[in-house]
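Read through the structures below before going on.
Below, chain A partners chain B and then partners chain C, in two separate complexes.
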Partner chain A sequence: MNFITIDKKDWAPGIDKSRKTFRVYGPVEDENGCQIKPLAPDTAPKMDAPVTVMSAKSVLFPQTEKILTATLDESKQDHHVMTPVETDDMPRVVLGIRPYDAKAVQLVKLNFDNPDYQDPYWCAAYEATTFVGLGVTHPGPCDFSTAVGCGPFSEEGLDVLMADMDDKYLAKILTKKGENWVAACGFDTEADPKESQVLFDVLRKEAEKQIQTDLATDKLAGKTILDLYDAPFWDDVAFSCINCGTCTYVCPTCWCFDIQDETRHNTAVRFRNWDTCMSSLFTHHASGHNPRGTKVHRVRQRFMHKLKYFLDKYDQGIMCVGCGRCVASCPVNIDIREVCNRMNDYETTK
Partner chain B sequence: MDTCIEKIRAIGADLLAKGTVEKVIGFADGSIPMATRPIALTSDKEVDKLVFNSVCGLNLANYVSKNSLSSKEGKIAVVAKGCDARNLVTHIVENQISREQIYIIGVPCTGMVDKRKIAALFDDEITGFEEHGDTLTITSASKTETVKKADVLRHNCRVCTHSNPPVYDVMAGDPVEEQTLDHPYEDVDQIAAMDLDARWAYFENLTKNCIRCYACRNACPLCYCPTCFVDESSPQWVGKGQNEIDVTTFHFLRAFHCAGRCTDCGACVEACPMGINVRDFTRKLNKDALELFGWEAGLVLDKRPPLDAYSPNDPNDFIK
Partner chain C sequence: MENPYLPYPVRIDDIEVATEDKSLKTFTFVFVNPADEEKFAYKAGQFAELSIPGVGEIPIGIASSPVEKGFVKFTVFRTGVVTTHLHNMKKGDLMGIRGPLGNWYPWDKLENKNVVIIGGGFAFTTLRSSIVYMLDPANRKKFKNIDVVYGARSPGMLLYREELFDWEKRDDINMHITVDGTDDPDWKYHTGFVPQVVEDNAPVADEDTYAIVCGPPIMIKFTQPALTKLGYQPHQIIMSLENRMKCGIGMCGRCNIGKELVCKDGPVFTLEEINQTPKEY
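So, the complex of A and B:
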């Protein structure tokens, strides 16, 4: 069973059925717009939601996550010894995410799950999560996913890819996890694989055609880090930046975090919180020295990491899936596409 | 405001060509619909990059303060709406810059539009935005909407009574008529009228989606502290996670730090990626400053703000 159709009448009841085994996440709308959140009982995901302000990364990597605890009670034998909190293994499904958010999880995976290091919290969440994407038939003006090896119907990182066919969804089941979720919902109307694939291809081509972007990344790998680092345009790029954390927090691929200990009475808790390289605290040493002491340093770091260091280290393209959230949300309209092109086009005169 | 831009460009070019100023800070067109970006020009050849329209919602006074200006720098011209100019005055009064360092190109402002209100008219993303006089034409893939600018103004612009810069070196247009309001703080009064539980719930709900990106703080010209209290680590005043007590502590303290200083320019709300109306905090303090001290920030250069002045005639006993 590669393809199935899901009548929209069966969609919400199917999701409800799956709640016995899955915690369900999806786009929900409130006064601050649409966000990917755990769906309250009886709530259906808002499948026609615009791009959510925040990506789906928090499902695996919450903005604040408790990782270790200790007792400070000295009468206890293990006082002050940090012990891991239980990881959350409850199967969960994220519904209706855009395909680039699933690709982004694969990029974040390079950091949290690699031969040298496996982050227990992220890995447990990843294992437990099924990603059900919805192809984007009308990409918006900030979407440049096709320029960075992704796209509105990209399958990478997804377990199921769905397409909206008015009164029903056509779903392509991509993994075993996807099969399990479909079974839990009771969706079992098989669709003709050949015809379905043709339909997907048509929709994909139609959607890709709508993305107009002249982003070029082809020359980034051939440049030296120092040439780009010393390029003359960073002051100009950074002038308008107010050094808020918006771009990094809305980014589905930004993975940096900070560790904080908090105590209350006799309990100590170690948290990790999202961190942002836009903040001067990010690199503020205990000595007082700050190697990235100005906003120009910090703006340069963000783009160098995404567009050069990552590329050089992993050889998997740039650290960006083209969702355009940073472009849409930046209060001063710093556009990563423009910065990327400036870096790509830069020829040193030395 | 359509005609202002030609004057702004001409003034900017003249100032740069004559060397009166070292740079001109203004707005340039953005890369997506309804976006502009702050820009600094150093050559009179570049002035065509300047724009001024109804989506210049940030406050350019934020780009001139002790932190951003070096003492060696020459004079800087700033394109200033009424609120930007009031924040430049506040900078001067608070000794962040001197009057001589700044050349204020005043713009009589007819208000900025609420981008979220406009986005709410569409189910899909906006692909085009055009402005002709007081008419806005907005397009998406599915439809075109024509709206009156007055119907989609930001709330702070709807209740603005200082559209014209109170202090300037040159004006880029004829002053606009200032409105007078019978109930300038209706929004604050509505919140104040709630009972305690409802009011607390209101504020909890207000900040529930805050991601602590600090865009509100960083877009605010008042927030020029070298180290903000939330960034202190020794001692650490407030937790850095998403605990709601910590989130609200940030918002409360930031608002109190703006008491008697806020010009209600709306840059905080404009910058917030979640569209949180953080003005609900500062507006109450603005109302108090007006009612208790007859004070509105940034109108005059020769008067101390109420919270940094001592008066023997102070009506309160505790201070004597």
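So, the complex of A and C:
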């Protein structure tokens, strides 16, 4: 069974049925716009929501997360010995995730799950999560996912990809995890695989056609890090940036974090929190020395990391899935597409 | 799955004031669970995260040497939140150590080579680890000449003074100790800045000579031309970088210079490698 149809009137009851085994996340709209959140028992995901303000990364990588604790009570035998907070292994499903956000998870995985170290918190959450994507039939004006190896119907990182067919969803089951979720919901109306694939292809092509982008990344790999770093345009790129960090928080592929301790009564807790390379404190030494002491350094770091260091390090494309959130959210309209093209087109005169 | 954020529990076994102004202390730790000592097997040049529950973690170079067993040592300069808290702790207190982290000086490559060690200020910790390692009877024959240039502001600011003066008496290591200035009339060693002492005393480089340089940025900056004058090529100059760190395992993303993460791909790099990255250290 690799294609099924889900009648929309069966959708909410099916999701409710799956709650026995899954914690359910999906888009909801509130006073802060649209967000991916845990769905309260009687709420259905808002599948026709516009792109969520924040990506889905927080499902695996919460904005703040306890990692270790210790008691400081010296009468206890194990005082001052840190122990891990239990990882959260409860199966969960993210409904209506955009395909580029699922691909972003695969890019972030390169960082948290590598041959040398595996981050136990992220990896446990990843193992436990099923991603049910919804193809984007009307990409927004900032979407440039097709230019970066992704797209409105990209399957990478998804367990199920669905397409909205008015009164029903057509769903392509991509993995074992996807099968399990479908079974938990009781969705079992098989669809003809050949016909369904043709339908998907038509929808994909129509959606891709709507994305207008002239973004080019083809020449980035051939340039040296130092040539790009020393390029003359960084002052200009950074000029209007206020280092607010919004672009990094909304980005599905940004993973930098800080580690901080807190003590309440006799309990010490070590947290990790999202951090941003746009902050001068990010690299500030205790001595006062700061290797990225100016805003130009920091703006350059963000673009160099996404568009060059990551590319050179992993050889898996750039660290951007083209969701356009940073473009839409930046208060001063800094546009990664323009910066990327400047880097791609840059020829040294040396 | 191993949890790379989880420190080994350790007990503070000894605290020594290391410099006359009391800004540096050397902490000796023993592992609460003896089996952890084996898991912590390290090489000279690596660092660890000293972890105080409820206060925070700091990356600190390992000052003890792999040939010293039963304890690990770190020398810490008091400067901010965690280092100040640590300076106020007592013998017997419990805390944690996470590591060993990062790479080390290229000991395989240095075999059968002349090694020149150049250090300034309190960046002498992993150099001490290295010297003790090389002078160990089992290792000394693996290296040709060993020269050490080490400088501090004043005699009382030199770390590990007793060991320095012991090494000074040996004939299998050439010590060039220097201070910026002193009013001690009995001072038997050099006065002057490290770069000048290097230029005047360090051996001229042949292809079998390597220099390891650790110190404040200003010292490193002026030592490079001195080494170049003596014929050292960028691949013969080995340096250890200190960027601000948190995770120490290449995940939190803050310590990079270009695509290298100083905590995981470093902290030890050759000048040749550093010359190919942005100078963000």
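Please note the rule applied: the second predicted complex is superposed on the first by the 350 of 350 C-alpha atoms of A that agree within 3 Å, B and C clash if a C-alpha of one lies under 4 Å from a C-alpha of the other, contacts with A are read in each partner's own complex, and residues count from 1 in each chain.
The criterion applied here is as follows: contacts are C-beta pairs under 8 Å (C-beta built on N, C-alpha and C of every residue); 3 or more make two chains touch, one makes a residue touch a chain.
None of these values were measured; they are calculated from a predicted model.
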Sticking to the clash and touch definitions up top, decide whether chain B and chain C on chain A clash or fit. fit
First, second, both or neither for A:Asp48, with chain B first and chain C second: first
After superposition on the shared chain, which partner residues are touched by A:Phe257: those of chain B (first), chain C (second), both, or neither? second
Taking the superposition on A as described, I'd like to know which of chain B and chain C A:Ile97 touches: first, second, both or neither. neither
With chain A at the apex, figure out the C-alpha centre angle toward chain B and chain C and round it to a multiple of 10 degrees. 90
Between chain B and chain C, whom does A:Met82 touch in the aligned arrangement: first, second, both, or neither? second
Check whether A:Tyr249 is in contact with chain B, with chain C, with both or with neither, and answer first, second, both or neither. first
Between chain B and chain C, what is the shortest CA distance in the superposition, whole Å? 6
Output the chain A positions appearing in both contact lists, the one against chain B and the one against chain C. 258, 260, 262
For chain C, which residues count as touching chain A in their complex? 1-7, 9, 32, 51-57, 79-80, 83, 93-96, 217, 242-244, 246-247, 249-259, 264, 276-281
Please output the residues of chain B touching chain A within their complex, sorted ascending. 30-33, 35-40, 58, 62-63, 123-127, 141, 205, 208-209, 211-215, 217-219, 231, 233, 239-243, 270-271, 273-276
In the complex, chain A residues that touch chain B: 30-33, 35, 48, 50-51, 53-54, 63-64, 138, 140-142, 210, 239-240, 242-246, 249-250, 258, 260, 262, 271, 273, 276, 279-281, 327-329, 331-335, 337-338
For the chain A and chain C complex, residues of the former touching the latter: 67-68, 70, 72, 79-84, 111-112, 114, 116-120, 123-124, 225-226, 229, 255-263, 268-270, 272, 275, 277, 282-287, 289, 291-292, 297, 301, 304-305, 308-310, 312-313
